[in-house]
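Shared between the two complexes below is subunit A, which has subunit B as its partner in the first and subunit C in the second.
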Partner chain A sequence: MYSMKLRKEKYDDFVAALGKQNLYAPQKKGETLVFAPVEAGSSIPEFLNTTVPPKNIVYPQTETLYCFQAGDTEMSLPEGDEEKVVFGIRPCDARAMALVDDLFSWDDDDPYYLEKRAKTTLVGLACNAPDNNCFCTSVGGGPASTEGLDVLLTDLGETFFLQVLTEKGEKLCQSLGELLEKAAEDDLKAVEKLHEEAEQKISRKIDTEGIPDKLMGLWDSELWAEISEPCLGCGICTYLCPTCYCFDIQDEVEGYDGRRCRMWDSCMFGEYTLHASGHNPRPTNRERTRNRVNHKYSYYVEKFGKIACVGCGRCINLCPVNIDILNILTKVKEAL
Partner chain B sequence: MKENGNPYIPHITTVEDTWYETYGDRCIKTFKVVFDDEEVRESWGHRPGQCAMIGRLGVGESMISISCSPTEGKFLRFSVMRLGKVTRALHELEPGDKMTVRGPYGNSFPVDDWKGKKILTIGGGVGQAPLRPIIEYVRANLADYEELTTIYGARTSGDLCFKSEFEAFSKEGVKCHLSIDIEEEGWPHYVGFVPSLLMDVNPNPENTIAITCGPPVMINFVLQNLKKLNFSDEQIYTTLENRMKCGIGKCGRCNVGSQYICKDGPVFSYATLKKIPEAFA
Partner chain C sequence: MVDLEKLRTVAKETVSRDDVKYLIGWRQGTYGFRVSPHFMKEPEEAEKLIFSPLCSNNLATYLTSVEKLPVPRGEEPDTRKVALMVKGCDSRAVVQQIVEQGIKREDVIIIGCPCDGIVDLNKVKEKFPNVLELVQARWNNGNVVFQLPEGEKEVPREEVLADKCLTCRYPNPVEADVMLWEEVKTRGSDEYADIKEMEVKDVQEKKSYWQDKFSTCIRCYSCRNVCPMCYCEDCILDRLNPNWIFRSVNATENMAFHLTRAFHLAGRCIECGECERVCPVDIPLMKLNRKLYKETREIFDYEPGLDLESKPLLASYRPDDQEDFIL
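Presenting the complex of A and B:
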């Protein structure tokens, strides 16, 4: 819609101005990079992808669906959510939210997710220097993709260049008042150059053409056993995937206080599909890996017209046995 | 957070009646329940083939097929095998107790498209539960259908569900064929497996719809035999099950290929299932 600029030295004032709105930004907690509430006086986050994607802000790892008292049938809903601003979300993670929106609004609206999503403003930060395993450009994104974002920032060294993309973004920028300056025409040129250069820096690529249509044809292929052979079934590739949304629902009762909650689950776990009879339609890592890849690159495309992968590289970076989705896709391409 | 339209909030029902269909380790108990809220009772309206998430607060929920037809009255019936944590807790419920119910979920048997046709159900064990609503529905609208035949078998006579109902069905002109796997003293019907009974009944495929549900092994042989009897893939229907949590296509786990059993199913034609390699996993 329009562009503005924020001087980095004014970051403290920026944090103070947004303080009332629950500002989240990438932070280091121990060894782990996460999105967490920003405290006054904290510095500008200078990280690429966080270890834990920001999906937990709109889709908590565990959340209460409703509460009840043991032995009673009255159910009470958790309190409504507050407005939140996510600062420094990378374009791939914002695209992931836009992708998952389709699922959570498919026929039956999921009120928990959609309410949090509606109350969250995403201020993205373009990647000037993408990471080694980033492959966003192969799956429809890019280091400066705006999909899902309300504001896109580009780091110009001394300043952030702001592109206001949605009404939510506009509202946020208006609330910042004089903290923002007008951008100059030269700034826009510099930004465009940075975006182009960033795209050039992405070294890992795959042409996904033909994969969604033909993947099911490889159902009985040997390659699934080969790919999943080293898999430990730890589930990290799905837990920390920004587009993975599968959940379990469990009841918890402590004394008289009961709650039904949902929590992230993973299709890489055996219990995920285990029937009460003991039968398991996906009994080994072979079937589970096949489901994970098919879901992202075929089923989701059939249902929602989009590949459910944003190329963030987390599943590659974090897999303890170095299973690499791009290597899988390369093998798939060879077998097609 | 709004309560209206929240698909995870169940309705409260009261158990009106319960009885055991079968006994033993994996016994099957039927629950007849009525919604506490009069508005829900009036507006519920499920279709034959649909399922519901039933449960107990503090324990959890299980997806169970609704084993009655809407033509039977303003109540619901569930026939539940005692197997896991939730079904064990459900089995403790007695008349007057509360059960949570949300749904109805999934697609249903296309009963309107089948008008004027002969309906053949082929069930095994607890697989008769999802077939019972279609039998009841066709029975209630018998003038709209050419014929109703039901083939049903279990391991022993003690493993047959809804036993008392078949005699009444026969008197109304429903063709009932019962079987047990192992010879028993005084058993007047067929002895053998359901797929063999199917060949023995030898139904004419012309203008017929065959619907089957039961253990995977039985379904596989029933499908083979229906093909031998010259049924086309479009004339054969089955209902599938998988572990489920949400019932609305979001929690992820019940898929066979790209199809969610809770939403795109549980009723599938064989023509559709043949294209899904995972369907019979």
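Presenting the complex of A and C:
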């Protein structure tokens, strides 16, 4: 690991240097901040975090697995992926990718996901001023966490301080050549101070100790009915969650041309796990909400030893009816 | 004037009745300016209920969205009434649901809350960023007074109210079993300026405008789910066979989804604006719905959700209906 600096006024040159590699960064699309390919001449975005997490870069919302022709047994695979650089991913979203890696390389390797991950370099940006509902420090992360990242940037005002974390990150920095400067000792001190201060600024916290072990004991609790009562059953909390990875596979056929697609699914939808018989083991919002919480805080912990929540706060910020995961966890703790 | 004591007394009396399942109202949320719907079952919960410029949710959506499980053999279905707190716009949703026979009038107790306008949380956040402490708000001569940690702050209504409230023509519930306080005066008038502005654009301009807006759609269906008028038991979006609209998220399918939904709401949308409020990617959905509202109003002189005795637009016919738009 070593450190470098990038002057902000050289951002244009930086974009130009990485232009061939499909550079993604937070961009305003309409009124919404999303990760999108950067075009020459665009400025460094000022942002807390994007509304839509960057998970779709490695795990697209709709992904063609293969194409086929009706009445034919031949099938064709989609074209391979190109190298990508994601600039400005927040540490929570990068941690989310690292967490989901476990799932996609668990029993069988998932070539679609893993190829994209291998070809994506994550240049993270530490949070100097976390948002109101950020709670990364409660679930094992932090505003300057390096997990999953190849390079971590810290905003020093005039410059970005670069910490190179992996071989991929090193390759990227080497390709930038003269654009980067050596960092000074003082810079590192300033960065450490900023990281510390940022951690102090996280105001929402919960001690997750004991939650994963005891959640299953609350299976039949009245709590779930109470929490889920106002739930509308929309996909905001899951689609905007950087760690939610459930998918459905559907065939889409137009004329003779068909494609088998994998698309994001949401455990909050009524047709999720709906059996062909018409039976659904999760018939109401109560069971679905329980599944969402248990999956993140119990099942994933049991399977992979990690809480599948990175504390980005998106589900809290955007739920139309103010269902608040920290409030749920507080109630879970009280009910234990 | 909002009378919380009256609200809580009525709520207590209502949920104490044997023929009432629960009362749906609003309660303080978990942080900042947020408010959450509350399903009140016991009289003791009355203290939780609030009514303020922060109560944006249109609770009428719950009348049709609550999932009913099959009744176990030997048990009777729960036929108790649901009591519902409504603002002006919300009451129109209830009326329209009744007109369409989605619900029965006798199954619902409507508790009317005359309303001086609800804030737009995006506008509030611009003014008061980073407020995590619980905030309450009240009206003062139509303006909004926030009780912030540093003290009270009055903000002119034009600066914080939702756009739909600034042009609202029906601030008072149009139907209620109990009206909680005296009616408020109608401050808004609606000239459909936003729609007229769109109408003068040429087709290509409109197309690229909407393609751009729909390109960010993640198809979370929060607009559909929050909509009190979207209550089809079998929605075409969930159908796999036939697959009317592909699950694929791309320009064509996104546009098909939004236009289909807009057409399904023609003559039915009561302009509560919930779809636009909940959209996580800020698609200006009310521009679509209001265009169709304006059209049906101009062509058929029809406004939904005002009269229990009326018929749904598409189920009514008059010999003098205009037909000059038929090619």
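Definition applied: the second predicted complex is superposed on the first by the 336 of 336 C-alpha atoms of A that agree within 3 Å, B and C clash if a C-alpha of one lies under 4 Å from a C-alpha of the other, contacts with A are read in each partner's own complex, and residues count from 1 in each chain.
The rule is simple: a contact is a pair of C-beta atoms (placed from the backbone, for glycine too) under 8 Å apart; a residue touches a chain by one contact, two chains touch by 3 or more.
It should be emphasised that the depicted structure is a prediction, and the values quoted were computed from it without experimental measurement.
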| item | value |
| --- | --- |
| Touched partner set for A:65, first subunit B, second subunit C, both or neither | first |
| Touched partner set for A:147, first subunit B, second subunit C, both or neither | neither |
| Partner, of subunit C and subunit B, that touches more residues belonging to subunit A | B |
| Contacts of A:321 with subunit B and subunit C, given as first, second, both or neither | second |
| Touched partner set for A:234, first subunit B, second subunit C, both or neither | second |
| Contacts of A:51 with subunit B and subunit C, given as first, second, both or neither | second |
| Partner chain in contact with A:155 - subunit B first, subunit C second, else both or neither | neither |
| Partner chain in contact with A:109 - subunit B first, subunit C second, else both or neither | first |
| First (subunit B), second (subunit C), both or neither touched by A:277 | first |
| Subunit B versus subunit C as contact partner of A:216, first or second or both or neither | first |
| Common interface positions of subunit A, toward subunit B and toward subunit C | 248, 250 |
| Touch list for subunit A against partner subunit C, complex | 29-32, 34, 51-52, 61-62, 132-133, 203-204, 229-230, 232-236, 239-240, 248, 250, 252, 261, 263, 266, 269-271, 283-285, 316, 318, 320-324, 326-327 |
| List of subunit B residues in touch with subunit A within their complex | 1-3, 5-10, 12, 36, 57-62, 83-84, 87, 98, 100, 216, 241-243, 245-246, 248-253, 255-258, 263, 277-278, 281 |
| Contact set on subunit C toward subunit A in their complex | 29-32, 34-39, 57, 61-62, 65, 67, 69, 130-132, 212-213, 215-216, 218-222, 224-226, 238, 240, 243, 246-250, 274, 277-278, 280-283 |
| Touching residues on subunit A, where the partner in the complex is subunit B | 65-66, 68, 70, 72-73, 75, 77-81, 103-104, 106-112, 115, 216, 219-220, 245-251, 253, 258, 260, 262, 265, 267, 272-277, 279, 281-282, 287, 291, 294-295, 298-299, 302-303 |
